[in-house]
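The letters A, B and C name the chains in turn, as written, and every chain counts its residues from 1.
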Amino acid sequence: MTTLLDLSNFLPDSKIHNTNEAEKIKIDSVATLYQNKPNSITYVSEKSYQNDAKKSSASAILTLHGWESLFENKPVITVAHVDLALIEILNLFFPPKTPTNNRGQYIVIHPSAIIGENTEIGNFVSIAENTKIGKNCKISDGAKIASNVTIGDNSIIGPNCVLYDNVKIGKNFISFANSTIGGEGFRYIDHKTILFRVPQVGTVVIGDDVRIGSNTSIDRGGIDDTLIGDGTKIDNDVQIAHNVKIGKHVIVAGATAIAGSAVIEDYCKISGACAVGDHITLPSGTMLAGGSGIRNTPPKKDIYAGWDWNLTFMEFQKFRANVKHILNLNKIVKKIKDIEEKLGIKEQI
Amino acid sequence: MTTLLDLSNFLPDSKIHNTNEAEKIKIDSVATLYQNKPNSITYVSEKSYQNDAKKSSASAILTLHGWESLFENKPVITVAHVDLALIEILNLFFPPKTPTNNRGQYIVIHPSAIIGENTEIGNFVSIAENTKIGKNCKISDGAKIASNVTIGDNSIIGPNCVLYDNVKIGKNFISFANSTIGGEGFRYIDHKTILFRVPQVGTVVIGDDVRIGSNTSIDRGGIDDTLIGDGTKIDNDVQIAHNVKIGKHVIVAGATAIAGSAVIEDYCKISGACAVGDHITLPSGTMLAGGSGIRNTPPKKDIYAGWDWNLTFMEFQKFRANVKHILNLNKIVKKIKDIEEKLGIKEQI
Amino acid sequence: MTTLLDLSNFLPDSKIHNTNEAEKIKIDSVATLYQNKPNSITYVSEKSYQNDAKKSSASAILTLHGWESLFENKPVITVAHVDLALIEILNLFFPPKTPTNNRGQYIVIHPSAIIGENTEIGNFVSIAENTKIGKNCKISDGAKIASNVTIGDNSIIGPNCVLYDNVKIGKNFISFANSTIGGEGFRYIDHKTILFRVPQVGTVVIGDDVRIGSNTSIDRGGIDDTLIGDGTKIDNDVQIAHNVKIGKHVIVAGATAIAGSAVIEDYCKISGACAVGDHITLPSGTMLAGGSGIRNTPPKKDIYAGWDWNLTFMEFQKFRANVKHILNLNKIVKKIKDIEEKLGIKEQI
């Protein structure tokens, strides 16, 4: 059983406040402010939650250095960065499973495939010729890995994921269930009304520390490759078309679609349900608000919103504030006509 | 062979009209108004289809009490609710398959898993430790069910669906193929340009009578759980992020995305291709028109449309009617300048 | 090893320019303008790439008859249609795999199923009763094919694809991984707040030469069938609801959703991330710009853009150009009030 004092020792730069009995406060879980979990720690990183935190039944509150007085008599542990400390506490209480070198049942591994040591392979997995999988990996149930694929060390391939031929994946990769990497790019030539398929002979090359959600598709390149840079995180139900180049440490949230040959430079953050047009470039650090569309390369790094209107998020908020006037544009036009008539100005529109 | 008279006996409150020979009119199928199917019954629940129904080659028409005279000499059977009667007739002619207690080939069931009686398990299924599946269920080919999962009686898990650890599902559940329940929520902390993964230790808790389409993802909660209430129906290609709370009897149509921690209260109806922002609440009974986005909690229950504009559907229709004026705003602005000049008003914009 | 001369012989109507030693120029691959691949051919079909092509390290350039002088001393091969020639060259250097009549491991084929000659079946495949698969097909690893399905000759079913009962597919079909064909349509009747499921007893009927991407869903019809016409190509992450009728040679790009009973006539081109409303008809040859929504049948064939605003793409561009004025509508309204006041016009809005 962990105590608040143990947690304090576990988090080197933390401090305990509002209690002299930290060694008696038992903590064995993490709770939101609204869960009634005994022996739990909760966390506050915005002052607006001060009152909810005071009412919480958690045994202690994790918050920022200097905020300890916000919570009156509640035991508090303060740190320099709440979210990073929370990650450490969660990993303490819920340690991630480590791969074993188990083999599941009903697996089909080509004799030429190379599997690293301590890599776990689930049930119903196929691994085709010349594929190389690193060490300490987990290939989950039902994953289908085609030929000449490379997967780096410490990677997890989710259940029922499909990796097509030649896909290259770096270290520390994670994918969740039912995702497809390396399916064929969508390019057809319309000639005399018949659609001719252009062979797609590139592949997908993924850097280190990349994460892919569930039910996501990443197409292979047409001639050169589709690229996903180091540290990039992609959510569920995302569509990434052929020849897209995504840089490093990029966020792509759920249900977003990125069209062919788009370039997403490093540190971009694309919210959910966005649509990024083909052959455009999002400059490094660009952000898209949720549900936005963008069909032209924006002039510079900024936060964009709306549907291909070149509006920054601040401008989009002005748009929103003016929407009610759009509903009256017919009356506005009528008023102008009346004024023009009164002034004897000749009609132009 | 069923006759119109048999159907009338099968539907207790129905009445036959326009024929004296209902026992001679054979009906063994259901047809749309435009299918040429012999021995079929068709159905009309809007008067605008009156003429199409008269031309239909169906042997009889199912419609509302009091509408029998709309179809001249066509045999008609009237009921209080056309769609509910149609459901009963469809179930009569196309009885749903009932599960057997068959076991498919190549299945991997952990010895600690508990499978209820009369539950059918397809081929290539894995069921991990401590999972409990109710009775009269069907686990379809290729389903992968992880550890500590609970599935209630009379449930169907579609082919190749993946259920991650700890997911809890009520009775009478149905999912269609290639859906993922309990994949990891998407939360990363950006610290000095590195994206740190926040462990997601909640799960997904699903009530009774819930339906999930194909290729849909429902993420597990971060600390507490993602919730789907009783009677809620979710379509294909839907993305439901971590900590979303969906109430009872909610509709979520295809290709909609719901961002993290959104609350969708009971009886909401979300049409297809919508985007619901994170941490907002849709009040009970709220409807979203197809293709709408919403990023702020709306002030009250209503039908909303547009992209985060706080427009009701009626207001959106006024927006649409005024769009043509937006195309001329440059000219409108010019006219105002001309008027101001003529009047000697000093330029302000 | 292929030479430029060999390529010229391979492409009957081609001509070589800017070199007298075509038999010495070795070509064994295709490159983009920016890849540094030795012994490769690159291609130019827009004059704006003239300078990039001159700088390219490719050994020869494929371009249009008459454009040979654009590239100075670079060896050039000209043709009547660059993209069609490119397809032929790609198929020469990267010949598609042909199916064998191999059988994978762990397969479950019902004795009543009929499999055509020279059809390859991967690992972990199930094929249920009365299903008929043509010759020269490939059924990839993990595909689950239910009962009474028909698949025409020369078809490829991608890994982990699921085909429900009764689906009919023509010749030369391709699907990529994790797609679902024939899942249940989404129709519920809301009666006294309970949602009643309407049985979906139609199926999906797909013509010849159709292509489906990965993670795509096509629902079966309610009473009659969902239809996909000959030559139609559908991308990844597409949602096609019940009773949709798609004509011939239609393009549907990634992440698009088509709602129930919509009709997409022949030769339509729907870009990515579009939403098409239920029960509407897109006239033959209609195009939708990326990220567009359409909820009403458009008056005629055209290119449409925007969200249900009846705007052609040309009009949408005028909309975009005027968006900045929307941000000032409050000031415009104020100006009109000031003018009205000055003129003594009585306030109306």
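By our rule, a residue touches a chain if its C-beta (ideal position, glycine included) is under 8 Å from a C-beta of that chain, and two chains touch if they have at least 3 such contacts.
All values derive from a computational prediction rather than experimental measurement.
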| item | value |
| --- | --- |
| Superposition rotation for chain A onto chain B, Cα-based, multiple of 5° | 120 |
| Type of chain A:chain C copy interface by residue overlap (half), same or different | different |
| Rounded Å distance, chain A centre to chain C centre (Cα mean) | 26 |
| Set of chain A residues in contact with two or more other chains | 106, 124, 142, 160, 178, 215, 237, 255, 306-307, 323, 326, 328, 332, 336, 339, 343 |
| Touching residues on chain C, where the partner in the complex is chain A | 30-32, 34-35, 81, 83-84, 86-87, 90-91, 93-94, 96, 104-106, 122-124, 140-142, 158-160, 174, 176-178, 211, 213-215, 231, 233, 235-237, 249, 251, 253-255, 267, 272-273, 289-291, 306-307, 320, 323, 326-330, 332-333, 336, 339-340, 343, 345, 348-349 |
| Residues of chain B that touch chain A when the two form their complex | 106, 108, 124, 126, 142, 144, 160, 162, 164, 178-180, 183-184, 186, 188-191, 193-199, 201, 215-217, 219, 223-224, 237-239, 241, 255, 257, 259, 275, 277-278, 293, 295, 306-311, 315, 318-319, 321-323, 325-326, 328, 331-332, 335-336, 338-339, 342-343 |
